[in-house]
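Look for chain A in each of the two complexes below; its partner is chain B in the first and chain C in the second.
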Partner chain A sequence: MKQIHFLGQQTVNLISGLGRAVIMLTSALMHRPNVRKGLPLLLTQLYAVGVQSLIIILVSGTFIGMVLALQGYTILVGYGAEASLGPMVALSLLRELGPVVSALLFAGRAGSALTAEIGLMKATEQLSSLEMMAVDPLRRVIAPRFWAGFISLPLLAAIFSMVGILGAHLVGVDWLGVDGGTFWSVMQAQVDFQGDILNGVIKSLFFAFVVTWIAVYKGYSCDPTSEGISRATTATVVQSSLVVLGLDFILTALMFAG
Partner chain B sequence: MVSKKIELMVGFFVALGIVAILVLSLKVADSGISGNGETYDLYAKFDNIGGLKVRSPIKVGGVVVGRVSNIVLDEEDYTPVVTLNIYAQYKNFSEATSVSILTAGLLGEQFIGLHPGFMDESVETLLPGDFIEDTKPALVLEELIGQFLFSQGSDD
Partner chain C sequence: MPKTLVDIQNITFKRDERVIYDDISLSIPKGKVTAIMGPSGIGKTTLLRLIGGQLKPQSGKILFDGQNIPGLSRNALYETRKRMSMLFQSGALFSDMSVYENIAFPMREHSQLSETLIEKMVLMKLEAVGLRGARHLKPSELSGGMARRAALARAIALDPELILYDEPFAGQDPISMGVIVRLIRSLADALGLTSVVVSHDVPEVMSIADYIYIIAEKKIIGHGTPEQINRQTSPLVRQFINGDSDGPVPFHFNAAPYREELIGTGAGK
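Right after this comes the complex of A and B.
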């Protein structure tokens, strides 16, 4: 009986949490944009969320591209197929690794920071003070952070794929001696703009939406204590990572399996 | 107020992201601006197109002059009709031009080989929308093996 009670409680909590998250997002975003007031807020958040994530994206993108080239080369050279190194690296980066790995890194680097910041604002009653001054914290605090994440992640994913391919070029062509012309031309013959690049961008748009949404909601709904903030930050990283990986399977099945 | 430095860094970040998308579309996928030049369409009917696909290249002596843009089945005689999308800089193919479906390597992908015919006073050039009359179907490996076995059997 106790277990059933617990199960029911969890289900109700889950569903009402989802409902609150949807209500928070719609009331934060569904209003007429005010460019003069909103733009400076958005710019500040773009700096905090996007620009400050650049270093980790650049470094990990380069290294993942280099490792892919190294691993792919040792396997492909056994079949005399090292000419296919370019498309192998480009397709795996554009379709999977670019959107997914940058979303995971983004959840760890920017999502956790968003949650902690909003959570601390709540714990120190800054959000309530905003309301006292007749400023809607959803529009003032949540909306610019959400949009900044939604804009940043697709750009970061594209940057990730680009430096990954450059890193693969560095290892494959400059170090292991794959012919540079073959590397690019076979890649260009295999990679399709709509099928590969556009689908990758669509994937990262989905991830950006989900990761930023989870981050701002967890911060906004956390218990206003130091433990609550720490739990919310952990939950942001864990849940966004799981949702990104699960969503990635569904999107891949929809895009590439048909 | 937002400082100039933050504005600068955000501008740099967004520009880098846009450059990345452009590099990926132009350098990696080789599509977009360069692929969308002026083109015109020719049509060709084949008995069998084998593994030909939309976007397969059309080559003259190994040089890509266009891509297959559409493959449909003729509703009257049920033969495949292939739309050849040719770059406008390669016009004035003669009416005696022939097309065949070839394979790159033994197991490679299939493409259309275009063999420009002779030109003289009596031969007109192909205009956009014309059908190329002289077509050779794709070689299907199974049919070849079947013919080979059949001819082997009839020798005995």
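Right after this comes the complex of A and C.
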């Protein structure tokens, strides 16, 4: 009986939390944009959320591309198929690893920072003081951060895939001796713009939406204490990562299983 | 009799099942300093949040210049808030902005003033709180007292009709305390601003308030001018005014008998 009560309580909490998150996001985004005030805020957040995530994306993308090339080469060369190294790396990155790994890294780097920042603003009454100054914190604080995350992540995922392919070229062509012309030309022939690149971008947009939404909501709804902020930051990273992986399976099934 | 700016009528406010206010009423006259006093934890800050519309009572009305705050739409509430401001206990300065930017913020949000004019107004506000020289500092570089004074400069940036002060004297050094006491009084006298001061610092409140409400046990237990409060004989009011550690408000939080807890024969925790 206790278990049923607990399960029911958890379900009610989940649904009411989801409802509050939807109301928060719609209240933050459903208003007439004010370019004069909104653009500087958006640019500041694009720098904080996007530009400052570049280093981890560049380094991770390069190493993942290099490892993919090394692993791929050792398997493909056994079948005399090392010419397929280029498309193998490119398709892995564009369809899966680019969007997914960059979303996971983004949740850890930018998502946690967004939650902690908004949570701390709540704990130090900065959000309350905005309300009392007749400035809506949803529009002033939440909206620019949400849009910055939504714009940044697809761009970061594209950069991740690009440097990954360059890393694979470095290992496959410059180190292991795969022919450079073959590497690029087979890749060009095998990779489809709509089927591979565009689907990867669509995945990124979905991931950007959910990761940033979770991050801003967790910060906005956290308990305004040091423990509450810590719990919210952890929840952002864990929940974002799980949602990204689950959503990736659904999107992959819809895009590529047919 | 001065006109009433805020009229609180029979409000009851609960947090979960805990009753904070049980059917209380009070009036805040225009252009006067009204103090709300009472022991810690009885919900004095909650009253300010109710007046500001950040919380809604379960029943009763909170009229600000005739408008019922809990009944206002979101847009109407934000319009009404432009006529009031609040000094938070923590200061609540925006940590990513300098002192200057903090004070210019409400002006930039709610007026079409030129940057030249905003600069002059910010300097005037900072001069009033003695922090003109600290305008380039970030809130993290200010002492607690300086942060409260900077927050006060921001609270008066747009010359609101009503200022809500949440524990303005708590933890202040004598200089900041003097500046804030003088400013609260002179803002009311010179500009006719209505002030609501929530505090438990008896001497400071007695020195500046025109009218005092004392709240305890979910009710208003006493009210009047400082002189009338000083003459009240209610044991609750006397205990609070005299600062007695024990009395109708017990020193100890509800607990099992001390002797039983120590020798281990009681009900335990």
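Before moving on, here are some points about what is shown:
The rule is short, and it goes like this: the second predicted complex is superposed on the first by the 258 of 258 C-alpha atoms of A that agree within 3 Å, B and C clash if a C-alpha of one lies under 4 Å from a C-alpha of the other, contacts with A are read in each partner's own complex, and residues count from 1 in each chain.
One rule holds for everything that comes next: contacts are C-beta pairs under 8 Å (C-beta built on N, C-alpha and C of every residue); 3 or more make two chains touch, one makes a residue touch a chain.
Keep in mind it's a predicted model, so treat the numbers as computed, not measured.
With chain A as the common reference, the superposed partners chain B and chain C fit together side by side. A simple residue count on chain A separates chain B from chain C, and the partner touching more is B.
Between the C-alpha centres of chain B and chain C, as seen from that of chain A in the superposed arrangement, lies an angle of 150 degrees, given as a multiple of 10. Of the two partner chains placed by the overlay, neither chain B nor chain C lies in contact with A:174.
Of all Cα pairs linking chain B with chain C in the superposition, the shortest spans 9 Å. Overlap of the chain B and chain C contact sets on chain A: empty, with no shared residue.
Partner chain C is touched in their complex by these residues of chain A: 37, 120-121, 124-126, 128-129, 131-136. On the chain B side of its complex with chain A, the touching residues are 1-2, 6-7, 9-10, 12-14, 16-21, 23-25, 27-32, 55. Taken in their complex, chain C has these residues touching chain A: 49, 52, 54, 78-79, 81-82, 84-86, 88-90, 92-95, 105-106, 109-110, 164. For chain A in complex with chain B, the touching residues are 40, 43-44, 46-47, 50-51, 54, 90, 94, 151-152, 154-156, 158-159, 161-162, 165, 184, 187-189, 191-193, 196-197, 201.
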